[in-house]
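Report on one structure; see the data block that follows.
Chain naming follows the written order as A, B and C, and within any one chain the residues start at number 1.
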Amino acid sequence: MYKFKLERFEGPLDLLLQLIEHNELTITDVSLASVTEQYLEYLDKNSDLRPEELADFLVVAARLLLLKSRVLLPQLFIEDEEAEAGVDLTSQLVLYRLYVAAGMKLYKQYRSPLTCFARERAPRSTVISFSPPPSLAVDHLGNIFAVIIAELESFVRPAPELISRTISLQERIRAMRTLISSAHQLDFRQILADAKTRVEVIVSFLALLELVKQRHVLVTQDKDTDIILITHYEESYVTQE
Amino acid sequence: MSLKNSIEAILFVASRPLTIKQLAGILETEETEVSDAVDALLSEYNVRQGGVQILRHGKELQFVTAAECGAVVQTFLKAETSGELTRPALETLSIIAYRGPIMKSDLEKIRGVNCSLILRNLMMRGLVIAEEDKRRLVTYYAVSSDFVRHLGLTSIQDLPEYISLHNPEVVERLLAEDNEQQPANEAAEHVT
Amino acid sequence: MSLKNSIEAILFVASRPLTIKQLAGILETEETEVSDAVDALLSEYNVRQGGVQILRHGKELQFVTAAECGAVVQTFLKAETSGELTRPALETLSIIAYRGPIMKSDLEKIRGVNCSLILRNLMMRGLVIAEEDKRRLVTYYAVSSDFVRHLGLTSIQDLPEYISLHNPEVVERLLAEDNEQQPANEAAEHVT
């Protein structure tokens, strides 16, 4: 398989777009599904992504996995769920591409000598005459600066919530993969047990579907108990085909 | 002394963008009257197509030189060429230019990434401005008059393909057409 | 691109009167041609009788506001440099007071928006002064001694809470953070 050259991407959509273009595909659900693996591979190899960055990449990873499973197992999805989960990644990417292309033209126009110049005020007309604001009191300045500092606090400090959420999401995708490839047999409920959010449930489920697709695991459901069991796919099964 | 002439004179000496509200304040006149006079002034300049034009961006008005004279004026002023823009900056500016004024959340929906830092960066460079809608407690982002000027435009609506890239409904239709050309694909239901 | 428009654009941005000879030099054109174009331009402005006119004084040409608008222009210029400060201007002034002397880039990092116009206005009002560090080719901004005196202080350090507000940790961190990323300003933008 051709190794996609790993660069720094501006964001998940940029990465997706470049994967699509690199594979000479048009933007469709099917083509997006087909580059899912390459996308995940990029995430795996770039563990140095900052938490803020990673969160955005992971959200799209989850949407990609969902989209892929919809392509593979359309019978599992009804219209409502698609809309709810916001999986319309294809439309978003088409829209995004429109603005990326427009941006390229914008840049040419921005750098071209066709510029409108504003009039700079004549230096000699700017006679400096001291005119302080009439009602400014001395402690007013400190109060204003204190407000600015307070606002900076929220901007400069990283949001701990975001970081923990990102880590848990990333860990879940990774954990699912290793867990299933190492364990002999697993109860799917175990995996879902400590999923804290709906996104985590979705991600877990999607990671599972992905592994089924890649023939890493076999999923069976007990008719009476409804328990979903995950078994490692034996070599023997593969050769039977 | 006509109101139109007064507005013209003030815009000339201001050498920075002024809003109709500011003009009305200085001239102690109703905003609607100022607005009418501004419209008349703009259409005069539009018809004339001279070396000086009036840029109108959002609420702001500013006298600028015509884009066609850009090279000559640049040489005369020994002005530097417009600065570099990185890809994320360009991407963000393009969306804001075509769809602005736009909320941060809508911008993020299109870009698929958190845009707080890039917005701050673009605002520091004076390329983007934030406007607060105080009633609705929402902040909208738009490109600055300076950026419009650097594009050699007197109105952001003069951008190529402005209508199709600004109007979501038309964009949606374009997307639908785009997808029709790819039969294997399930049509995009809606544009986010 | 017409010669007449180019002349108009250059006269407009020039902050000083220009002669036909100078214009011919800038535009690399024969003086007779420039002279003809100037005549055409002047008659256009004469016919129009707008708020802006071109004054011909001896050999010199210059854009001026119409005499009838003189009073209004004076009012505007005076209003611009007197009265209360806007909130953004007050913010800028307070940062310069407590953090100064400060570079424009640091000031903008703290405020998160471009401060060029505000700085110009504060300087015109004599509240802020620019000091150039010629060795490092950087300009620092500080409040003027007039302003310090106006506040009733003998030194800016006498401002209330000066010690704690002069270098709050969060500001230090913000500026340090950005400086780390300085070699590639893109780094900050890559995050988004």
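As a working rule, contacts are C-beta pairs under 8 Å (C-beta built on N, C-alpha and C of every residue); 3 or more make two chains touch, one makes a residue touch a chain.
Since the model is a prediction, treat every value here as computed from it, not as a measurement.
> Going by the average position of its CA atoms, which chain sits the greatest distance from chain C?
Looking at centroid distances, A is the chain farthest away.
> Taking each chain's centre as the average of its Cα atoms, which is closest to the average over all protein Cα atoms shown?
Of the chains present, the most centrally placed is B.
> Quick one: report the Å distance separating chain A from chain C, using the average Cα coordinate of each chain.
Here the centre of chain C sits 42 Å away from the centre of chain A.
> How many Å are there between the centre of chain A and the centre of chain B, using C-alpha atoms for each centre?
30
> Quick one: report the Å distance separating chain B from chain C, using the average Cα coordinate of each chain.
Computed from C-alpha means, the inter-chain centre distance equals 21 Å.
> What residues in chain C touch two or more of the other chains?
Residues 9, 12-13, 112, 190-192.
> Residues of chain A that contact two or more other chains, please.
Within chain A, residues 10-11, 52-53, 117-121, 155 contact more than one other chain.
> Can you list the residues on chain C that touch chain B in the complex?
For chain C paired with chain B, touching residues are 1-2, 4-10, 12-14, 26-27, 44, 49-52, 63, 65-66, 68-69, 72-73, 75-77, 79-80, 108-109, 112-114, 116-117, 185-186, 188-192.
> So in the complex, the part of chain A that touches chain C is made up of which residues?
8, 10-11, 50, 52-53, 117-126, 128-136, 138-142, 144-146, 148-149, 152-153, 155-157
> Going by the contact rule set out above, which residues of chain C touch chain A in the complex?
Residues 9, 12-13, 15-16, 81-85, 90-91, 93-95, 97-98, 110-112, 123-127, 144, 146-147, 150-153, 159-161, 165, 168, 170-171, 173-174, 177, 190-192 of chain C touch chain A in their complex.
> Of all residues in chain B, which touch chain A in the complex?
Those in contact with chain A are residues 12-13, 15-16, 53, 55, 62-68, 70-71, 73-74, 77, 79, 81-82, 85, 87-88, 90-91, 93-95, 97-98, 109-114, 116, 120, 147-154, 159-161, 165, 171, 174-175, 178-179, 182, 184-186, 188-192.
> Spell out the part of chain A that touches chain B in their complex, as residue ranges.
So the residues of chain A touching chain B come out as 10-14, 26, 28-30, 52-53, 55-56, 59-60, 82-83, 86, 88, 90-92, 94-96, 98-100, 102-107, 109-121, 155.
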